[in-house]
Amino acid sequence: MHEAIEDLLADYAEAIDDGALERWPGFFAEDGEYQIITRESHEAGLPVGIMYCGSRGMMEDRVQALRTANIYEPHTYRHLLARPRIQRSAEGFAVRSNLCVFRIAQDGETVVFATGRYLDRIVEDGAALRFRSRQVVLDSRRIDILLVLPL
Amino acid sequence: MDIPVTHAPGIDLVWPREGVTRVPFQVFSDPAIYAEEQKRFFRGPIWNFLCLEIEIPKPGDWRLATVGETPVVVTRDEHGAVHALVNRCAHKGALVCLQERGNAKALTCVYHSWSYDLAGRLQSVAFRHGVRGKGGMPEDFSPEQHRLEPLRVEVFCGLVFGTFSDATVPVEAYLGETMARMIRRNLGRPLRMLGMHSQIIHNNWKLYAENVRDSYHATLLHTFYTTFKVNRLDMDGGMLLSEDGRHSISYAKRDTLRQSDEYQKVHAAQYKSALAAPELLDTWTEFEDGITHCIQTVFPTLVVQLTLNSLAVRFFTPRGINKTELFWIYLGAQDDDEEQTRKRLMQSNLTGAAGLVSLEDGCINEFVQRGTRGSEDRNAFLEMGGRDVESSDGSRATETGIRGFWKGYRELMGF
Amino acid sequence: MDIPVTHAPGIDLVWPREGVTRVPFQVFSDPAIYAEEQKRFFRGPIWNFLCLEIEIPKPGDWRLATVGETPVVVTRDEHGAVHALVNRCAHKGALVCLQERGNAKALTCVYHSWSYDLAGRLQSVAFRHGVRGKGGMPEDFSPEQHRLEPLRVEVFCGLVFGTFSDATVPVEAYLGETMARMIRRNLGRPLRMLGMHSQIIHNNWKLYAENVRDSYHATLLHTFYTTFKVNRLDMDGGMLLSEDGRHSISYAKRDTLRQSDEYQKVHAAQYKSALAAPELLDTWTEFEDGITHCIQTVFPTLVVQLTLNSLAVRFFTPRGINKTELFWIYLGAQDDDEEQTRKRLMQSNLTGAAGLVSLEDGCINEFVQRGTRGSEDRNAFLEMGGRDVESSDGSRATETGIRGFWKGYRELMGF
Amino acid sequence: MHEAIEDLLADYAEAIDDGALERWPGFFAEDGEYQIITRESHEAGLPVGIMYCGSRGMMEDRVQALRTANIYEPHTYRHLLARPRIQRSAEGFAVRSNLCVFRIAQDGETVVFATGRYLDRIVEDGAALRFRSRQVVLDSRRIDILLVLPL
Amino acid sequence: MDIPVTHAPGIDLVWPREGVTRVPFQVFSDPAIYAEEQKRFFRGPIWNFLCLEIEIPKPGDWRLATVGETPVVVTRDEHGAVHALVNRCAHKGALVCLQERGNAKALTCVYHSWSYDLAGRLQSVAFRHGVRGKGGMPEDFSPEQHRLEPLRVEVFCGLVFGTFSDATVPVEAYLGETMARMIRRNLGRPLRMLGMHSQIIHNNWKLYAENVRDSYHATLLHTFYTTFKVNRLDMDGGMLLSEDGRHSISYAKRDTLRQSDEYQKVHAAQYKSALAAPELLDTWTEFEDGITHCIQTVFPTLVVQLTLNSLAVRFFTPRGINKTELFWIYLGAQDDDEEQTRKRLMQSNLTGAAGLVSLEDGCINEFVQRGTRGSEDRNAFLEMGGRDVESSDGSRATETGIRGFWKGYRELMGF
Amino acid sequence: MHEAIEDLLADYAEAIDDGALERWPGFFAEDGEYQIITRESHEAGLPVGIMYCGSRGMMEDRVQALRTANIYEPHTYRHLLARPRIQRSAEGFAVRSNLCVFRIAQDGETVVFATGRYLDRIVEDGAALRFRSRQVVLDSRRIDILLVLPL
């Protein structure tokens, strides 16, 4: 199961790094939650972060918007994940992993765009493992330029 | 004839004769102008936004801020009074407060333990009398002559402002009646912070100051606005300016939409308008005046936003000639119920660094910074909505707000 | 006596009386000189390489480029004509084209949707007439007076050049007869792109301009050349300059090698010369003139290279006073067979950022940038091969090509 | 086998980070291929990248050249690899892993030198696992200073 | 009246009439001053520390160093003599030595293989006579007129110093009798290197020069000192200056502690003083004079430290106007036994980038750099211990050492 | 056992990244050793590095000092570790892993603070695995600003 969870995390990162964002909502349960929040707000227990999706639908709207409505310079991500720490829970698994995301601009400029932790609740959804919730807790309070592709 | 620069030595700039309808690109990239702004503009007769009062609720609370590039600490003393002090020790200039937020009975510099009260008055100097009678300060040393440099402070609707100048009029007069009223409408109630983050944008701070006063771009660049009819120029709305033109309010009334085919021509409306998760835009009527979208700017670097039910304060501060930090503080009313808080959370997706209708502003000003490289001798052209600086009630297809900013900037800089 | 600077205000430089045999290190690190180059040099009467024609084959294709630090977009219009435009919106100066390559019917700025045709003419201004009669541009607004700033364009052998100056002579005259002939020889046939990448080198752009004209260094610094007898000074070869000395061709004929013991003295030939995989250097005779190695420079920032069968175009652009981007575009003939393409692939190992005979150029110019820190008042010494600017047929133990570059640079800068 | 493949990838990185470049060709099959190419060229299907070795011999020549012929300032790499994604294939295994390489100059300056993907074809070569081909697809089109040590 | 700047063109600075008791914050952030320092200060009549003699023990050994921002290489020739040369090729200015340390019979530039002996004399020029009689240098080329620019060198107690000026007096006279004696005490014996590392601190180099002369801060900022009674102002000790005030020794005698309640007032002594692992502070009596703590500064950028048994040499070099590299070299006596080496290892925890009593200096000077932003027109106030520049035996509650630094700095800069 | 060792390494990193420094000494055997040293000094065989603790007590003193005595600007770390290479040894295990540590300042500025290798000797200490010694060999000779939190 450890293997299967690690594969899920790697597959998720791969989908985003490859720009296959249409695959993104599918990693979540139908009513799955996704949030990007700063460490500062997270520790202060504040509800509002930087991005929030309360359902797969909201994720689909995000993808739709960034494909057709939002304007930004082309760029890609590269994820590096540390070994996850996995705990069994009532509903499935509580998983935590350190993350670093590099952002590569079209001119090749590469920056450390984000570091932090994934705090995941993973459930067995039929045959597959899916995120019941995935919270990205960013170490930094500040975002370079903008955040449009999910982390 | 051209207007030569009169008061800025070392700056080689001639403002075009067309006045506020032109902006020399040089002002966004000339280091001499940037240095001069630190003295002449940010220490001039303006009110700089420092922080929210709710960030320093208790006696002894402090919070760091910057005015231009000058580090400042805002404190609340034991009597509840708010002070703003340059965060620069009177001894050798070290930062006195190191953490972004804190609480203390006194402000003690870590370098040599000089200690100040919460109003910035020097209280003690370590080893002032030396050790066992040796060393220490000269007899004539007088603590009264050394203190943390203070700013004048005023609090309006929970907004803490500071100024270096004695000439600055009181905040309410500075804002003018119209601006003050709208701030009261949006912030004149007990508030709580729902979250905050910031953005580093790679452009001169004045490009963002223009951007937030630019009611012309909003519905063209931010196509999500248009498509989902959150904010469009074919709703009733307008661009109100303060008497001096420095501050502005861009507002719209969502229920008054009568679609104009102007939009058919622009990219802005090409995107299918059905949301898979419409709850994103679930709102409730927070005010009875029908205004559902309102971006208010306070000269020079503050913005108060109420988009649908998303209430936020934005402010920005220069981090270098082509680098600016933009802060987002999301607010709710203290008496919001759970569902209202949930709606504000949902709508927080609209703005901020990842905002569906604001993320473009993270790069668009950089596009201007980069687009004008090598063209420092050319000018921006600002004649949309005429050439004057005055309110434009009824239409936001205007750059009057931007012209108003430059009017104020030139007055302060002597350009 | 010393030659004082006549035409560059704010620049405190005196060129040594020895003329082009000396170069003040200051020119590589003085910000005032760098700023002046943007106006006087890159917008002067020179042809700047922009891109290859094969990068924009179809109507509507565009590609981004830079001239000095000025952003430019190269387009092909519906009639097939090529245009070059400053990528700076006529409204407020935003970049108009955002992607490095694209195809479109019109160029539309994302900020306020001003739209231009592929020749840069303003076609539409969003909300020009306001919304429902309110707002919009003044009556006397005339679109004809606003457009993307154009460059003059010429295409020669698939190379697209642009200039800001009306005084620049046609490309073929600019190159001169000798240079034009060699470009035709190497590029005057249907080509395809085999690959591309770039390098960031940490030095002033002029150090690389010197480096590629420096036939003296090639076989000493790049010892792989020497050891494997790809290019040595004891082969027949020479350094040809254009009439004005600005452009150069360094060439060698591999089959004419008669080993000189000069090489025994230098590090350059210490390395055992047997390859475990000799296929690296498998070649075929591409031209009958016997020239197997040919580095051609086109003033100021273009290089055409044919080393054995490795055909490439290099160009470089300043990214700051001590930062330069160097681009490598590998080319093949459209009618190459598979084996020939394979050979070009093998030989691509010779050049580029990881090139066995070129990687040293990625750091050597930085070594000069760093070596001259604190010595801005000293000069480079360029007397190898004499003190003149003229072709040196028969020997490449000369710095005549570098002197030619400085001759042209000084003419343009007024130094 | 997953373990063995992960060990191969880690051992390869270790050899390069330790400067034991003479070990590098040995990680490949006799006729193994190695290429470093930009994402842009890779996706455009262009043949020429930044470095190409068509055999172990060419790799040995590279090492020989950088030891004795090429001139550059001393520097070292530090590899960080994400969990590989492994698929069985006819000849062996198709493996993909995200990579980040830091470059450390002799004065200590540390930069993110490369981010991207390893696309590997791994075969069982006698007792050992070896690369039939290893392609390094760089996210950025541009190289800082120069590229002399293999990635 | 104010003292106007007399000798620094382009620098707009007026030093306050209070002289060395004031320092304009501008000197820490003005690029024009920083540039001027490279010429006037670092190439002036001062001895710059270059390296330790034990780093280049053998003939042919070399080691890189910097003087200000000028790259230098220190060599030992075949006769054992030590030389210092600007690491800038006489041809085109490339760095000649690339590795931080090396050994060679000659110094050969990789760019065009010009070769120099270990004293910097030009020995050979590749292709000087061309190839087969073609190309090469003009007949009148004279190698004698080209060499690596030398510095004058002196070695004192294993410390290698270099100067660009002929006016600099010999090192021992430069140090003065008191300073020379203490250096002999600490370093005048066979030494071995135990380890080294460096720190990048984000402040102007002069802030660290002040910091190491600041006997006032040590026991207040570095509370570990105080709590563990390693160094306190209520021990016997003092601040000795050289005759010219440029160099200083801050010393203390641990066994003479008589606790003063001055310390009760300061943060510095709040921390419980029992160590779980007291072996950290296991010492032995290395010298009979009772001095257990001694920080000696040599103008401008060298520090010799003996804290308990932790012997180290520190030096720092500017890496930009607000960036400085600080080097730590830990030393032991060649005849240390294992236990003594172990004790030096334990005590090495006290200093360096992670030093329990020194890590604060890694950030405190940055706090001044940042604290003074926007206040370039204000001054530091330096009257602790009086207003003079003279030794303060008996008390270190004084800034006399810092005043002494500024006295020397102003003399050299003409401020 | 491989799993258990990987968990130890991940748990150690997590404790430091979370600021739970009081947990730090507990990862070591009573007489465990900890040292941070530059690659340059390590390869030269020099004894003195940047930080040295010869026992758990010295680690406790370090934590005590940085909590109450030392002064510095608040900051946090984020560790990323590569797959460890594990060898059985007489006393237990010799483990090596590549590491990268990012430092995040309170204003959000994120830098690559350290890259290098962990060289570990791990022993079974009662039920638990503990470090007999942990050496952090830094690739760079220079530290940005200061080093106060253990790596």
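Which chain is which? They are A, B, C, D, E and F, in the order written, and residues in each are numbered from 1.
In this text, a residue touches a chain if its C-beta (ideal position, glycine included) is under 8 Å from a C-beta of that chain, and two chains touch if they have at least 3 such contacts.
None of these values were measured; they are calculated from a predicted model.
Novice: Which chains are shared contacts of chain D and chain F?
Specialist: The common neighbours are A, E.
Novice: Which chain is most remote from chain F in terms of Cα centres?
Specialist: The most remote chain is C.
Novice: Any idea if chain A and chain D meet via the same residues, over half in common, or different ones?
Specialist: Different; most numbers are used by only one of chain A and chain D.
Novice: Between chain B and chain E, what's the gap in Å when you average each chain's C-alpha atoms?
Specialist: Comparing mean C-alpha positions, chain E is 44 Å from chain B.
Novice: How many Å are there between the centre of chain E and the centre of chain F, using C-alpha atoms for each centre?
Specialist: Here chain E and chain F have centroids separated by 31 Å.
Novice: How many angstrom between the C-alpha centroids of chain F and chain A?
Specialist: 28
Novice: Quick one: which residues in chain B touch 2 or more of the other chains?
Specialist: 98, 110, 198, 221, 360, 364
Novice: Among the residues of chain A, pick out those that touch two or more other chains and give their numbers.
Specialist: Within chain A, residues 71, 73, 80, 100, 107-108, 112, 141-142 contact more than one other chain.
Novice: Hey, which chains are touching each other here?
Specialist: A-B, A-C, A-D, A-F, B-C, B-E, B-F, C-D, C-E, D-E, D-F, E-F
Novice: Considering only the defined contacts, which chain D positions touch chain C in the complex?
Specialist: Counting only chain D, the residues touching chain C are 36-38, 40-41, 46-55, 57-58, 60-62, 64-65, 68-73, 141-148.
Novice: Along chain C, where are the residues that touch chain E in the complex?
Specialist: Residues of chain C touching chain E: 25, 210, 216-217, 220-221, 233-234, 258, 260, 262, 265-268, 360, 364, 367-368, 370-375, 377-378, 380-387, 392, 394-398.
Novice: Contact residues on chain E for chain F in the complex?
Specialist: Of all residues in chain E, those touching chain F are 193-202, 221, 223-224, 227, 270-272, 275-277, 279-280, 325, 330, 341, 344-346, 348-349, 352-354, 356, 359-360, 362-364, 366.
Novice: Which positions of chain A touch chain C when the two form their complex?
Specialist: Spelled out, the residues of chain A in touch with chain C are 71, 73-74, 106-108.
Novice: Mind listing the chain F positions that touch chain D in their complex?
Specialist: It comes out as residues 2, 39, 80, 82-83, 85, 96, 98, 100, 112, 115-117, 139-142.
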